[in-house]
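Questions regarding the structure given below will be posed in turn.
Chain lettering (A, B and C) follows the sequence in which the chains are written, and residue indices restart at 1 in each chain.
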């Protein structure tokens, strides 16, 4: 199952084409500033809009090519809109069964009960949609989309209409959905935080065209990419919980870059896969492993790139056993330590966020 | 209190209003949906045409219908070839007249309702696998229910009060084209005011109840949206 | 300050001169208009006229005016409406009715001055069927208890699918309708239900039904068919129905009202009325 698209957004006033090849299973974030055509791309893939001179292919099927155009209801694409877009005349459970009644025969995927459980909406089932909060509405919308058992899921900034509190509460659910949904997910966002937490792959868009494609972490730490120049630039490491240290309330996470100690989270068991976010601002560089420091995590790394940021700062890209990391330090420190590309140093990680 | 002939006129009126409303709903639903959703550059011309019955005096409308129904005109002769009878002075003719006369009263509430619903619920339904027809009946129609109720009640009430058009094309045939408003007019013209009053009262009462229903319905729509 | 004092009076003089000029001009215009109006109609009169009598009424008025009299203001409409409005206080000097019952009704209520009520015209009914020649036919040939016969074949027979529609005015409202009904009764064909009778609310509407082709034939007023080919209609002999007497009543004491009333009854007036297809007494 893979998606390829070549969409001419001239109707939206963009001179360049949006071209992507082979979007596979996993979460692919479509990232870019507001108005760069992200939603237009999503709607074209779903078949909600038709752009001339465009092609959309899913696995072996052509959804759009030349004059052929498969209408939206035959594409079996799940679409989660910015606003939940529930059917207001139906209750929550009726919204779900609207979708499950129309799913394809011999379709495979999660059962309705599993979906309700996954989204945590058991208690809402009999309620009319008008009584739901914003976060609840979006949970129901995602559940409804899953109930239709789509082959591909498109999410158009599903969290953007929610307040921070609702966002924080729905996030773990969204991560679970992304892990369990056995299909390609295209996730539109303009939030780096959401990219870091959810995305496996990343497509960066500007003015209707693709500027970068690649693995999320690769792009996030690429010094030439505009992503790394943002104030909240960060690297993301995938890891597995290796050990709980109950005495100090810490956990040892085994990552590609090496073992990292983090605060204990009782809800995680040994063997659970997690993601860690290492913010560039929270990493400093030492020339040798200093044992007499309050900092617990120190990893040997090799400098692969140095990029000056403004007058006083530099952003250093490092390679820790194959995993890319970013460190933001002062130009003075860089000069004092004599840092240069190819040098082996130790990164000192002040804090780590579990995503 | 009400003469037998007047009861028949009332029954004819109710029959006319019911059938016209039904025809109008069938006719206006697709047109209103199209008007609410099209991005066609000249749609305002169509909107102006369907609003014309609002400004055209009913007797003028009736006069043109009379010319149009005539066996000497293309439409009239075609109908006569087809059915063997004329459209003027027939119940069918009155239904056609009423449909034209009450068209904006049904079309506009429906168009407003459809516009308010927008395309989003349909798009959501499409991505869940519902065909356009399926989603129209399973999503749009239930969401537009208050709009359908308002449109029906307005179309019905407006047809109840229809006079000018019927005067011109009806021919005052008892049980077929003699409707209540014409009967009231006859009573007034022949100075039988008492009969006119009682019949007018019935017509007024029915229309009033219908309008109360419309406004109550609109209120509940507002309340549920709030 | 000195400058202002010398300047202000001059401005004021200019302004008041302008105002005076404007006032003089306006008052001249008004006086002129008022003089013209009083000259034109010392005594304006209002006449309510039955719809069927519009054209003869206008002809009568222009003749009356030509003799140096006032120009009557007409209100055209159905007599029923006129009577109702007069009873509610509409100021009308003369009512030219479509029948004699309603003038009688007003006279009984004491509204007629000196009980002045006269038949000014007698309407003649015609059987009209446009586009067919009725030459040499009598009414009895055309209307039988079984059929409406035109050109030797029944209307039902002439085109198999054609339903015969006969138009007449509503007998309850229009004297011409009542007369038409009496004709049908006299010919013994009133009870035939195979035909469709359609009723206009007044004789003008009945004419419209036939003229537009929606009704194939109908009973209309002789005054309406005057300019049409003579073979398209048959004058209905008066023995078939009660005379369609149209009466008028004088409702005020105005000099000009009396003069117009008298003019209508004068030989000159009667001649104009006959020219428009009515009989007179």
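We take it that a residue touches a chain if its C-beta (ideal position, glycine included) is under 8 Å from a C-beta of that chain, and two chains touch if they have at least 3 such contacts.
In this text the structure is predicted, and so the values were computed from the model without any measurement.
Trainee: For this assembly, give the contact graph shape among line, ring, star, complete and other.
Mentor: line
Trainee: Which pairing of chains accounts for the highest number of C-beta contacts?
Mentor: B-C
Trainee: Find the most central chain, measuring centrality by the gap between its CA centroid and the centroid of all protein CA atoms shown.
Mentor: Smallest centre-to-centre distance to the global C-alpha mean: chain B.
Trainee: Express in whole angstrom the distance between the two chain centres, defined as the mean CA positions of chain A and chain B.
Mentor: Their C-alpha centroids are separated by 55 Å.
Trainee: Distance from the CA centroid of chain A to that of chain C, rounded to the nearest Å?
Mentor: Each chain reduced to its C-alpha mean, chain A and chain C end up 87 Å apart.
Trainee: List the centre-to-centre spacing of chain B and chain C in whole Å, with centres computed as mean CA coordinates.
Mentor: Centre separation, chain B to chain C: 35 Å.
Trainee: In the complex of these two chains, what residues of chain B are touching chain C?
Mentor: Counting only chain B, the residues touching chain C are 63, 66-67, 69-73, 76, 80-81, 84-86, 88-89, 167-169, 171-173, 177, 182, 185-186, 188-191.
Trainee: Per the contact definition, I'd like the list of chain C residues that touch chain B in the complex.
Mentor: 78, 80-81, 83-84, 105, 160-163, 165, 167, 170, 172-173, 196-201, 205, 208-209, 212-215
Trainee: Which part of chain B faces chain A closely enough to touch in the complex?
Mentor: It comes out as residues 120-121, 123-132, 134-135, 138-139, 142-143, 145, 224.
Trainee: With touch defined as at the start, can you tell me which chain A residues reach chain B in the complex?
Mentor: 46-48, 71-73, 76-79, 81, 83, 85-89, 98-99, 102-104, 130, 144-145, 148, 150
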